[in-house]
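Dropping the structures in below, format is C-alpha cells.
Here chain A shows up in two complexes: once beside chain B, once beside chain C.
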Partner chain A sequence: MINRRHFLTTVAVGTASAAALAACGTGSSSAGKTGSAENPVTINYTWWGNDDRAERTRKAIALFESKNPDVKVNGNFTDFAGYWQKRATEAAGGGLPDVMQWDLSYLRDYGQRNQLLDLGTVNINTDAFEKSLLPSGQIKGKTYGIPTSTNAFAVYYDPAKLASLGIAEPTGKWTYDEYNAFLTEVGTKSNGALFGGTDYTGVWWMFNIWLRQNNIEAFTEDGKLGFTKDDLKKWWNQTAALRGTPAIISEERVTQLAPKSPFGSNVTATEVTWDNFMAGYLADSGAKELKLVPVPSDDPDNLGLFLKPSMLMVASAKTQYKDAAARFIDFMVNDPEVGQIFKTSRGVPASKTQRDGTTFEGTDKLVVDYEKSIEQYLKDAPEPPIVGFGTLEASFKRIASDLNYGKLDINAATDAWFKEAEDLIKQNA
Partner chain B sequence: MTQSPTLSRRSTTSAPAPLRKSKRSGADARAGYTFLLPWLLGFIALTVGPMISSLYLSFTNYNLFEAPKWIGFDNYTTLFQDERFLQSVGVTVNYVIFGTPLKLAAALAVAMLLNSKRRGQGFYRSAFYAPSLIGASVSIAIVWKAMFGDNGPVDQGLSIFGINLGGWVGNPAMTMPMFILLTVWQFGAPMVIFLAGLKQIPNELYEAASMDGAGPVRKFFNITWPMLSPVIFFNLLMETIHAFQIFASAYIISNGEGGPAGSTLFYTLYLYLRGFSDFRMGYASAMAWLLVIVVGIITLIFFRTSKSWVHYSGDSR
Partner chain C sequence: MTTMATPTQSAPDAPAPHYNPKSESAGAKRAKSTFFHMVALALTAVVLYPGLWMIASAFKPNSEIGGANTSLWSSNFSMDNFVTAMEGIGGVSTLQFFTNSLVLAIGAVVGTVLSASVSAYAFARINFPGRGLFFGMMIATLLLPFHVVIIPQYIVFQQLGLVDTYIPLLIGKFLAADAFFVFLMVQFMRGLPAELDEAARIDGAGHARIFGSIMLPLMKPALISTSIFSFIWSWNDFLGPLLYLNTPDKYPLPLALRLFVDQTQSSDYGAMIAMSVLALLPVLIFFLIFQRYIVEGVSTQGLKG
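Right, the complex of A and B next:
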C-alpha cells in the first residue's frame, strides 16, 4: 500500500538527495544527510522499557523501514535508571543517538543545554495534537519533544483482592482521610497479609497533584520552588499515622521487592501512579483485572489532575540525518498502525490520528476510559520541570524512604530535601 | 662527598670494558623504551591524561554539557557540609575497618589449613580460590541479593535455628554484614599469596621449636607471624586499597541507589551518582581526588608503621 504523503516525502527526499549528491557528494543541507532505497542511511533510536516494549518497538521499526526504504533504524534499549546515566555519558562525548524516547523530567537538562534538536525546524505534523499538550515539550518557544502519548495519575486496585476481603470497591470520590481509612481497612481485614498500599506521600507527582489541589504551583516561572517547608511537612504528615501499620507496606519490603513494584508483586491492594503502568502491572501480578479510580482530594471540584506526556520523542542536536529523524518521529507519534502496535503501553496516544486509528479493548479500554472520565477535572499540563528535576524527584523518593525507615523525622526530612533542592537550584542557576 | 660527579664518571668510563658495556646498554635502553612505548602511550593517554583533566575539573562546576566553570576550592569545601558525603565516608570506613581484617584472617586461616600435605590439596586450593575469581562479577551480586532477600536461603536457614532476621537486603542494619560476608567470601586472592609465603618458611624453624616444646599457638606467633609479616603487609595494603574502591556489588545490590536508608551508599557509588545522575562532574572529580589523597596517606602510614612489625629475612633485627 502506498501512502500518499509518504510517497511524496520519498520523492521529495529522493530529489533532495540527488541535488545534494550533485552539489558536493556529502549532503549536509538543512535536511541533513539523506539516503536512498539502494543506499539507505542508518539512524540510531534508543528507548527505555521492558521486553514487552522492545518487542512492540521492533515491530514498529520494521513497519517504518518497509514504508521508508531509504532509512534503516538501529534500535537499542535499557531500563529507566540506567538510561539516563548512559545518555549523560553520550552527551558529554557528543554522541547522543539520533532519535530518543524521552522523559519530561529531563527535557530541560538537555534541551536548555543545546543537546536536543529544535523540532520546529524540521517537518513533523502536530495538527492532530491537543493544543494544551504541546507546550509540555517546549522551552522558550522551541520544540524539543513531541509527546507520544499521555498519562494521568490514578489509584489502581485489584477488585478480586478487595472482594476476597469483603471490602466494597472504591468510587474514586474520596478525601485523603477516606483513602487512609480505606488503606487501614485493607491492612486490618487481611491481618497484615495484604497491605493497603505504598506510602503515597513518597511520590513526587502525587505531592505535585496535592499542591495543585491546594492551588499552589510546584515551581515558579523563574525556576524556584513554589511551596514552603510547611507545605511539605503537612504533606508528609498525611500518612504519619499509617507508617508502621499494615495500612502501608514497610520500606524494608519495598526494597526487597525492587525493582519489582509491591503492587505488581501482589503484596498491596492499591497503588497510586500513572495509568499507563496498567499493562506492566497486569503482567507482573498475573491479576485477572485491575481497575482505576481518581486520586483522593479534599476539594471534590479540584482533583489537581492533568494529562502529562508519558514520554516524548526527541532528536539529538548533532544528528546528521535530520530528515530521517523527523520522519521517524512523525511516524512514531502519528501513524495509526503504530497505535495498534503499542495500544496503551506508552500511555494513551496523544495524536488524534493515532488514537482514532487504534482499537482499544479490555484493559487498554480501561485506561482510555479512565482518561475520558476525568476529562472535566483536567487542567493544563505542567511546563517542563526545572533543570535537574530528575535528581529532585529521586531525592524526594529517597528522603521519604528514610522517613519510613524512621531514620529521619518529618522536620529533618523536610530540611534535608529543601537543602538538596536549594543547592541544586543554585547550582544550575 | 668529595668527588665531583664528572670525576667519578670519568673514572668509571676510563676503562675500555665498561665503555663498551655502556654503549650496549644505551642500545638496550632504546630497545627497552621502544617495547615500553605501547604501554607508555596507553598510560599517558588513558591514565595520566584523564587524571590531570579530572584534577582540573575538581576545581570547576562542570555539568557534562557546558564548558567547566572555575570555582576554586568550592567543591572541596562543600563536600564537608554534604551529609550524604559524610554518610558515604562512614559507610566506606566501616566496610574497610571490618571487612579487610576479617577477609585477611579468613585467607590466612584457610591458607594454613591448605599448607599441610594432604590428598586432593590441589582441588581444595582451586575450590577456595574460585569465589575470588567470580566474586566481583555482576551475576554473583545478583545471586547474593537473592540469597539474602526475604525468604531467601539465608533467611530460611537462620529460621531453622530460631533466628528470624527477615531479609537482609531491605534492612539497613543488616546490609553492612552482608557486604562484609561477600568480601570475606572472596578471600581467594590473598589466600594464594599467603600460601606462597607459608611455603617459604623453612621447616627447620618449626622442628626446632617443637624440640623446645612450643605449641601451635606459640609457633604461630613466634615463627609464622614474623616470617610471614612481609606477605601480611602486602596483603593488608592491597586489600585495604581494594576495599576503598568497592563499587559494582554495591551498585547492583542497591539498584544503584545506595539504599536502604543510605546504608550501602559507598564512597564510589555516591561519586558515581553525583557525576552521572546529578551531572555534577566537578564535584565527583573532587571526591575522586580526595579518595586518592586519603588512600595515599593511609598507604604512607602503613609503610611508616610497617618498620615496627614487618621483618624481612636478612634484617639484623
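Right, the complex of A and C next:
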C-alpha cells in the first residue's frame, strides 16, 4: 500500500514540484479520530536519545502495534539539544507531534502556553504510581505529563579507588562535615593524584536538597524564591575551606576534562548527581563497579531526598487522536513488557506494575536497590520548575565556578546570582 | 640558485672575494626564508592538530578519548569505532545517512548553479525596469539573519504539508534564494566584456543563446566556486534538516552524528569521531578535485576585470 508519507518521499527525492505536493498535503486531513485494524490511524511519537534508546523504543512500538492493530506509531528521534530547538519551532508553527518524551524543566513552559494536552481528560491509569510523584507532572491542577521513570540524587564512588588508598567505603550516613572530611582524606592520601570530588555546592539540585533538609522551599507557590541570600551564602561557605585543596578538583581542570565529567575521567573519587548517570559513568571511566550512597545531611531523619521524574510522556494539545495517544502513553508507562525492554535506561520505572514486571540485573539492580533503600526518606517531589529554570540552573553553576576560580567572593557571587534570578522571575511574571 | 647567481653577478667587478654584499644578502634571505617556513609550519601544525586529534581518536577505545587522557595515540589501537559507526543508528544504516547527505548536497549544487546563474544573467545583462530595486532587495536578504525567517518559513512549509520532505531544504536553491551566490555571479559577469554578447546579438542570438553559448562557458570559474561552497554548506548544514526532517530514514549525516552523544545516557564519542572522519572524506575529495579551479577562478576573475 502506498501511503502519503511514502509517496511524498518518493516524489520529494526526485523533483521539486512544489505545486503538486502542496495538493497532496492539503488533501489528506484526519481520517477520523479513531481507527480500525483495516484502516489504522497513525500517531507521531518523538523522543531524544542515542542509538540504544532508539533500538529499545522500536521494540516497544512494535509491541504496542501488535496489541493495538488500529493504531500505527511513527517514531522519530533526535539528540537532546536539537530536540528542544525543533520543538520550539514546531510549537510556533502549530505542528507538535502527537506524543512526546518530555523533560521536567520544559513542562511549565509548554504547559502554561497551552501546547500540551491535559492528560486528566483522557483515560490513563495512574493507580500504580507513587502519590508523591504525580504532582511533578501537574500545573495548577492539570496533568500535563506522566512520569515514565524516576531518578534520585546520590553520591557515587568507585570502591576500587578507595580500596587502593586504604580508605573505608562510606555508609551514606554522614553529615556535611563528615563528607568534607572524607573528601579531604582522599585528596591527602592520594597526594593529589586523585581529588575527593567536584565542588558539590555548585550543583543546583544539591542546594535544593540542602534547603529541603532545612525545611526551606526553593520556590514559593507563586513562583518566587523561597530562600534568602543568607541561606545561599551559608551553602557556598560549606566548602569554602576545601576550595583550592586536593579535596576538590579545581575549575580549570574540570574545564579541561569537558565534555567528560571528572568522575568519568577517573580524576575524582566521588560525584554527587542523579542515580541514572550510572551507565554513562561506567562507560566513560571503564571502572568495574561503582556504588551509590545517600547524600550527606545534618539531620539524619531528613535527607531531603525525593524522586524526580527522569522523563515524562506528554501529548500535544492539538492532537487529533487523543484516544490513540492516551493508549500509547498508558502502554509506555504501565506495561511490564515495556519495562523489560527499557530496564533502567530511562530511569527506574515509575509505575509499580511496570517496575514489578521487570527483572533488574547488574547495574540496573544497583540503581533500583538504591532507590528502594532511600524509600523511607522520600518526600514529595518539587513542583515543575518555574519558567526559565534552565537558565537559573546554568547561572548557578556558572557563578559557583567563578567562585571556584576565585573571580568572585561569596558575597559578590550571592549578589550576582540573586540579581539574575530576580530579573528572570520579574520577566516571566 | 643563489650559488649559481652569485658568481655571474659578482665576477665582472668583484675586487675582493670577501666583500660580496649580494651573497650576504642571499644568506640573510635564506635565513629569513627558513625562519618564515618554520613559523608557517608551526602555525600549520597548530591549525591541523584538531584534525590529527580526530583521526587519532577514531582508533581509540571510547574510555580513552578526552577526559584525563592526554596522549595522542593509544596503545589499544582498534577499528571498533568504525565498525560501530557503520552499523547505523536505530535501524537506519550509515550508508543511508550518506546517501541522504549526498542527495541534499547534489540537489543544492544543481539547484544553485542553475538558478543563480540565470538570475545573475538577468541582473548583469538585461536592463529591465526596477532592476536596481530588485538587486537592492536581493542584497538586503543577505543582511537578514537566518534565524529571523526560521519560524515564518516553517509555518509556510507546515501549512503546505511539506515538512518531512526534502522540498523545504532544496526549493530555495532552485529559486535562487541564496543571494550570496547570485551576487557572486553578477559581479563575475559584470567583469566579462560586453562586446562579446553585443557581437552575438549582431549575429542574431537571443538572450537564451547568449546565456547558454557565451556566458555559461566563460563563467566556469564562478560556477565551480559556487558548486564547491554550496556542496560544503549543504553537507554541513545541521539546523535546516533538524527542523524540517522528522523521519530518521531521511536524516543527513550531521543529524546522525549527534545521535551518538546523549547527555542523559552514555555517550559513544569513539563512534561519533569515527563517523566524523568518514563524513569528512567526501568533502575532502570534492575539494581536492575542484580546488585548482578555485585558484583558477580567482585569477581569471582578476584578468578579466
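Note that in this section the second predicted complex is superposed on the first by the 370 of 429 C-alpha atoms of A that agree within 3 Å, B and C clash if a C-alpha of one lies under 4 Å from a C-alpha of the other, contacts with A are read in each partner's own complex, and residues count from 1 in each chain.
Keep this in mind: a residue touches a chain if its C-beta (ideal position, glycine included) is under 8 Å from a C-beta of that chain, and two chains touch if they have at least 3 such contacts.
Since the model is a prediction, treat every value here as computed from it, not as a measurement.
K.L.:
I'd like to know which partner A:115 touches here: chain B for first, chain C for second, both or neither.
P.N.:
After superposition on chain A, A:115 lies in contact with chain B alone.
K.L.:
Of chain B and chain C, which one contacts the greater number of residues in chain A?
P.N.:
After superposing on chain A, more of chain A is contacted by C.
K.L.:
Is A:34 touching anything from chain B or chain C once the two structures are fitted on A? First, second, both or neither.
P.N.:
Neither chain B nor chain C is touched by A:34.
K.L.:
Counting only touches as set out at the top, which of chain B and chain C does A:89 meet: first, second, both, neither?
P.N.:
After superposing on A, A:89 lies in contact with both chain B and chain C.
K.L.:
Look at A:279 in the shared chain and tell me whether it touches chain B only, chain C only, both, or neither; answer first, second, both or neither.
P.N.:
second
K.L.:
Examine A:51 and indicate which partner it touches, taking first as chain B and second as chain C; both and neither are also allowed.
P.N.:
Only chain C; A:51 stays clear of chain B.
K.L.:
Applying the touch criterion given at the start, work out whether A:148 contacts chain B, chain C, both or neither, answering first, second, both or neither.
P.N.:
It touches nothing on chain B or chain C.
K.L.:
Let me test your reading of the model: by the given contact rule, A:259 touches which partner, first (chain B), second (chain C), both or neither?
P.N.:
A:259 sits against chain B and chain C alike.
K.L.:
If you stack the two complexes on chain A, which partner ends up touching A:251: first (chain B), second (chain C), both, or neither?
P.N.:
Only chain B is touched by A:251; chain C is not.
K.L.:
Give me the intersection of chain A's contacts with chain B and its contacts with chain C, in residue numbers.
P.N.:
81-82, 85, 89, 92, 259
K.L.:
Of all residues in chain B, which touch chain A in the complex?
P.N.:
Those residues of chain B that touch chain A are 61, 63-66, 83, 149-150, 166-167, 169-172, 255-257, 259-262, 276-281.
K.L.:
Over in the complex, which chain A residues touch chain B? Could you list them?
P.N.:
Touching chain B: residues 81-82, 84-85, 88-89, 91-92, 109-110, 113-115, 251-256, 258-259, 388, 390-391, 394, 398, 401-402, 405, 407, 416, 424, 427-428 of chain A.
K.L.:
Sort out for me which residues of chain C touch chain A in the complex.
P.N.:
61-63, 66-69, 89-91, 103, 111, 150-151, 154-155, 158, 160-167, 170-171, 174, 238-239, 242-243, 246-250, 255, 258-268
K.L.:
Help me check something: in the complex, which residues belonging to chain A touch chain C?
P.N.:
Result: residues 5, 8-9, 11-13, 16, 18, 21-22, 24-26, 28, 44, 46, 48-55, 57-58, 74, 76-82, 85-86, 89-90, 92-95, 97, 257, 259-260, 264-267, 276, 279-280, 282-286, 310-311, 345 of chain A touch chain C.
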